[in-house]
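Should a chain be cited, it is by its letter among A, B, C and D, assigned in written order, with residues numbered from 1 in that chain.
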Amino acid sequence: MPTDSSADKTIFERRESEARSYCRGFDTVFTSASGAIMTDAGGRDYIDFLAGCSSLNYGHNDPDMKAALIEHISADGIAHGLDMHTNTKAGFLEAFERHILKPRDMDHRVMFTGPTGANAVEAAMKIARKVTGRSNIVAFTNGFHGVTMGALAATGNGYHRGGAAMPLNGVTRLPYDGYMGEADTAALLETMLNDASSGIDAPAAILLETVQGEGGLTAASPEWVRRVAQIAKDHGALLIVDDIQAGCGRTGTFFSFEEMGVTPDVVTMAKSASGFGLPFAMVLVRPEQDVFGPAEHNGTFRGNTHAFVTARVAIEKFWADKTFQNGLATKAEVLTGALRKLADMVPGAFLKGRGLMQGVDVGSGELAAAICGRAFEKGLIIETSGPDDQVVKVLAPLTTPDATFARGLEILLESAREITASDATIAAE
Amino acid sequence: MPTDSSADKTIFERRESEARSYCRGFDTVFTSASGAIMTDAGGRDYIDFLAGCSSLNYGHNDPDMKAALIEHISADGIAHGLDMHTNTKAGFLEAFERHILKPRDMDHRVMFTGPTGANAVEAAMKIARKVTGRSNIVAFTNGFHGVTMGALAATGNGYHRGGAAMPLNGVTRLPYDGYMGEADTAALLETMLNDASSGIDAPAAILLETVQGEGGLTAASPEWVRRVAQIAKDHGALLIVDDIQAGCGRTGTFFSFEEMGVTPDVVTMAKSASGFGLPFAMVLVRPEQDVFGPAEHNGTFRGNTHAFVTARVAIEKFWADKTFQNGLATKAEVLTGALRKLADMVPGAFLKGRGLMQGVDVGSGELAAAICGRAFEKGLIIETSGPDDQVVKVLAPLTTPDATFARGLEILLESAREITASDATIAAE
Amino acid sequence: MPTDSSADKTIFERRESEARSYCRGFDTVFTSASGAIMTDAGGRDYIDFLAGCSSLNYGHNDPDMKAALIEHISADGIAHGLDMHTNTKAGFLEAFERHILKPRDMDHRVMFTGPTGANAVEAAMKIARKVTGRSNIVAFTNGFHGVTMGALAATGNGYHRGGAAMPLNGVTRLPYDGYMGEADTAALLETMLNDASSGIDAPAAILLETVQGEGGLTAASPEWVRRVAQIAKDHGALLIVDDIQAGCGRTGTFFSFEEMGVTPDVVTMAKSASGFGLPFAMVLVRPEQDVFGPAEHNGTFRGNTHAFVTARVAIEKFWADKTFQNGLATKAEVLTGALRKLADMVPGAFLKGRGLMQGVDVGSGELAAAICGRAFEKGLIIETSGPDDQVVKVLAPLTTPDATFARGLEILLESAREITASDATIAAE
Amino acid sequence: MPTDSSADKTIFERRESEARSYCRGFDTVFTSASGAIMTDAGGRDYIDFLAGCSSLNYGHNDPDMKAALIEHISADGIAHGLDMHTNTKAGFLEAFERHILKPRDMDHRVMFTGPTGANAVEAAMKIARKVTGRSNIVAFTNGFHGVTMGALAATGNGYHRGGAAMPLNGVTRLPYDGYMGEADTAALLETMLNDASSGIDAPAAILLETVQGEGGLTAASPEWVRRVAQIAKDHGALLIVDDIQAGCGRTGTFFSFEEMGVTPDVVTMAKSASGFGLPFAMVLVRPEQDVFGPAEHNGTFRGNTHAFVTARVAIEKFWADKTFQNGLATKAEVLTGALRKLADMVPGAFLKGRGLMQGVDVGSGELAAAICGRAFEKGLIIETSGPDDQVVKVLAPLTTPDATFARGLEILLESAREITASDATIAAE
């Protein structure tokens, strides 16, 4: 049981909006965190397999980033500089160019949007509309792209869409890879775009995640992504890959698409982009599509100078050579192995996702919640995903030490075993 | 002339999006900042009368916030905790309740949205629509509320609206206080809402800034704001005050509306809310209108734990008693005095704004730009505002030491004198 | 009392939608009509001061049109020919060109839309958007332009707007002439369009009625219309005059705007355009703005061949010379005189409208309804108009014989006298 | 060659909008028509296999309707009565109830909308939104429902959609029966509606044609329609069948759906509903969904009294017993036989449609146009349909005498033979 520190929590009940969410499932007060471990007010440690929903791919308070940030602050480095030039921004851009863009032959420019994923998606959608003079954007079933009105139109989740309390426009919804069993959903997209009477207006962009983080860890096949990329090109639409959750190494490579033979026109990044969990978002855009005028899409916190400090360290520490990336493959295999065991405990369960963004569809949200709830009691922070929250999702820090990773998976399996056993007991009674 | 460090700047030209903006007018590379001073790579100091567009009301790197933040980071305090409970968030909420909400008799709850002003505005608009079941939101000429699709519909600026590249829906635009000379614009609003055939659908909310920061520092009269608040109430609409730029002391009190006899249903805050320039945004909402379900409006960086650290210090340091606020009045008088001199130099020029959010409408964007350009050459960072960028706007840190403040105003007046003199010379030739 | 024929009416209760409307106020079953007289199943005659809401400007079953139509049908003339060429259409177009367009120096082309006013408005709005590449259309308070989704966005009436049950987009609403007392509403329009930050997007068109038929018979001044026409021109917007109710002689000239020194880019016509009350609608459009491709705006009943027959007769009979028009002025004076008497009976009442489209604002919908109800009992069909239905509106056939016209006005005055007397009695008690 | 009467046509070039359409393909001036024959100014007869796009299912100038209409007009019957009660309307409603609704166990009410199909569709969509409080309407690929803004959002044709010149909202597009080869498109619909994260908002209605008249004569299977009806019911959505083109006997029964075991909540009717080609439209709606208030959806020409006259005759003459309907089956077989021969002439060609709404997909719009062009030269009026206009479509009057029908089909086959032979010659060279 989590150590209770109820005195501290009354303020949340009294003054924090009902919109608060994760604190309900993980009902304690956290006070510090390091690497893959979070610690609460009672001194209890938790292994973090949520990692800020993939915002902490390098763990909490990475020592090198931490040192760099403290040094920056101590030296009165810029905290907020609007979008003025700073040496800090230059440092990040140089590292990002050298270690990420150039080796991947990407000539993209970097737009620092307001520091949220949704803001990056909004900017990307606006860019596509401005470039093409078209308004329609094709998005997919179970996609998640944020909850501001432009992005929310592209988000599939009905609960979030309902929050708008008015119709959401500008997006056409089509089935994602695998949504219709064996039927070829890319073919449907192509047929509709080729058909002048389909009722699908020529799109400004096709917007997709290669792995649907919130939508249930459904991973598109490389063939499907390539096909969709080609359809976008054929129809004069931009391909936008929303790599906010799947990027920054989460699938095993820096970008989730880089082994698919596809270069998106626009890439949205946020979550782990700062390396340290600081608010930070970017849009990568081809120079010829970099059409915004000065401040046409603006925002007070575009950029975020502290994030430039840690993001530069993250790039230089983890992506200057292949060492880190190679380790991810090994870790992903361990994860797959453990999740297979979990899947074996639940009739009909199956693996979802790819790389270090995997989970198990256990068939029901209740079961998935019960497993995650038990895991939390045992000291593991882990969440569900999917339209019915039926997928137990592992988003451990990519830097989780092997022993901690193993222990976390062990807790997960124990929890699943206990829950399914009690279910079976109940069922058997 | 700013010290050039061109070697550092090529990376921006090569890799930063054309959307970059302030770096064009203030064309140097900044490396550190403290209080009201920014320093560039060449070691040159600039007095900052822009203050991150009012995001740095307490100046750069306030020593107490800085110390607290370094201490937090050093101790492995949470950097990113989604919206879990943390002792850091509790600390902020307690301070905000004690020093801000309670003394002002506000029972509002605090919703931590994605850390941008636009995100707070989007959340506020969604809340109003959800509460009322209506979609229409009344906003005003020259209002600025952000550039994501929902907020952008409420923003008046045509350049930003054009960035959407598609129609913006859900907002009715009406003239702000003073927009029609002597004509009573609140009366027009009331007439239209009372008229069942006016074509203005019953509004979910009336959304306004009490001083239009981007729109040219037009300040609404307390009578007008009270009248509009009453109209909102009469018509079952929420009153949303967007206090993102005018809040946090900028007009002389913590909230810009607090001496107007009005308590908005919803208040949006961002910019200086963290105290340190860190990305941070909040929506204050009455408990009975706190209708979002858990995570219905979500976002990875909602909250921002580092910001909680500095925001708590800011509240406790500046707002625990009246000392700071009293000083603002004095400073505002100094400002008014200086701006009167500036206005006297330009035929037809007049003062705009209120508190430490004042400026001079010099009648043309060219002239305003020339004055600000000359000021930058002389070591002062200052910007324009307004539909034609014709207002020279002073947004100095509220904590600017008197001597620095005087020196900044002196530079401004010198610049205006030189520019108007050369204009006069030209005109006389 | 109307002769009851209840046996006939059960079918309406049983099978006609609740959307039925005029039959509720004029609760009898009509069987024939001629000139300004309608006759019910009980043989009772009613003077018709509603004239199909101005669709029967030449009265019911005009003998010349009737003869021509019977001849056409007898000879197997085309009833329905899609938009193929017919000699009937040619005949109408030639008459319309000769007697209407040429004498008024209008080089407009005629587009036969689906035979409803709303369809003509929809076409006009689409034309303006296609010509300009802009989506925003400025419409005015209390304007009425139809209830299909495009047109309904331009209609002010909240009851009708509510029927959409979803937000209506693409229209900006501004105050009509006189809406703000002495304040200059054209100036507000101009200020907003000149202001790049007003939030009013550059308009595709400005859409107006010169007299607001449904909105309460408010008549715009020629100066205001000219000013708005100039503003439209200055801003690259089309001027669309919706002359559906005010056209075809209703205000004293064929077009309602022709003595204002203004030539609209687009004119919508319907109601009396067929002369006989047959469904028929047209859009007049300048050749250079005639941008629809073949059938781009289509509709099965575009045109209406029977209507071409009667519309040609109407043009040739009434508009080939000035005789008819001259008579309208005399009749309008008679009307004004009678309505002044009516206005004198009600404290605060005042005249509205112009030409043969006049009425009296009696200050309350209840009173107006009571007057019209009493009139119907006495054998006069007359309706109300305005946001609160507070205007008693006379829309008699333009061809009403003098004696009938006098008798109708007499009934109206008697009714008003009785109602106001009883009201006074009640008030005095 | 059509007899040219060029003198008559200059007026069209001079004054009719470029939006005119059918007159381009059938380039002569028609002067009279009777039954299945149209006659031009040169006295040439044409067999009409277009029948006003199915608006003349009972042929031109049916003698009984003609007589009744002349009698009505001669007797000063009401031409225009807004939506007042008339004996004429009662007569129609009684006949429609007796011969159509009652025998089919339909308790629907009849709403007389503005007399265009688009207006009926607009009303139907508004009803569904008002009943459910939802805005989304599901429509299908290649559907055609009119070109006013509400209806156009549901229309698939890109050329027509482009005429809006702004985004069209409120409709989700899904693949029609057979659109994805063997894949089950009803299953896709169901999956998406069952999936809370599909991004398809809960629909107010599902709107479909059972045979897509403009979309290429694709006929849905009864199973598919039943399945979709059940899905609508399961999801609280209304089923709207747009029977504007396929109704009134065109598919072999009065309603196109009546042998499918499905009763739509709402049915839209127009085209042949008047029997005589007069503008007329209706919405049939279940009493419990008849939610419009008086005049909430209004329109000057709602109803159309002349149309009530002919519509009553049509119902009584053709639908009082099964004689007429039985004859349609025989005629449909003849048609199928002829079209099979046509299909055999073109490699890959295949039959489309059902009943007397059949055609042949010849694989290319050019070929289809060439066949129809040749047929017109030979005295047959016939048109194409489909996304690429690749379907030669037969819409002969249902009353076409056998000999005329045979002769029309003979001309069609001759034309196809000549065109394909010359194509083959060219190909062989």
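Assorted remarks:
Rule of thumb we're sticking to: a residue touches a chain if its C-beta (ideal position, glycine included) is under 8 Å from a C-beta of that chain, and two chains touch if they have at least 3 such contacts.
Labels paired with UniProt names: A, B, C, D = Diaminobutyrate--2-oxoglutarate transaminase.
The shown structure was predicted, so the numbers you read here are calculated from the model rather than taken from an experiment.
The chain pair with the larger count of C-beta pairs in contact, out of A-D and B-D, is A-D. Interface chain A/chain B: over half of the residue numbers present appear on both copies, so the contact uses mostly the same residues. Between chain B and chain D the centroid-to-centroid distance comes to 58 Å (mean Cα coordinates, whole Å).
Centre-to-centre spacing of chain A and chain B amounts to 30 Å, using the average Cα coordinate of each chain. A separation of 49 Å divides the Cα centre of chain A from that of chain D. The set of chain A residues that touch two or more partner chains comprises 135, 159, 166-167, 169-170.
Residues 8-9, 11-12, 14-24, 26-34, 38, 41, 50, 52-53, 55-56, 60-61, 66, 69-70, 73-90, 93-94, 96-97, 101, 109-112, 114-119, 122, 125-126, 129-130, 133, 135, 146-151, 153, 159-160, 162-166, 169-170, 204, 244, 270-271, 276-279, 283, 285, 290-301, 304, 306 of chain B touch chain A in their complex.
Of all residues in chain C, only 166-167 touch chain A in the complex they form. Contact residues of chain A toward chain D in the complex are 135-136, 139-143, 154-159, 161, 167-173, 175, 179-180, 183, 187-188, 191-192, 195-202, 215-216, 386-388.
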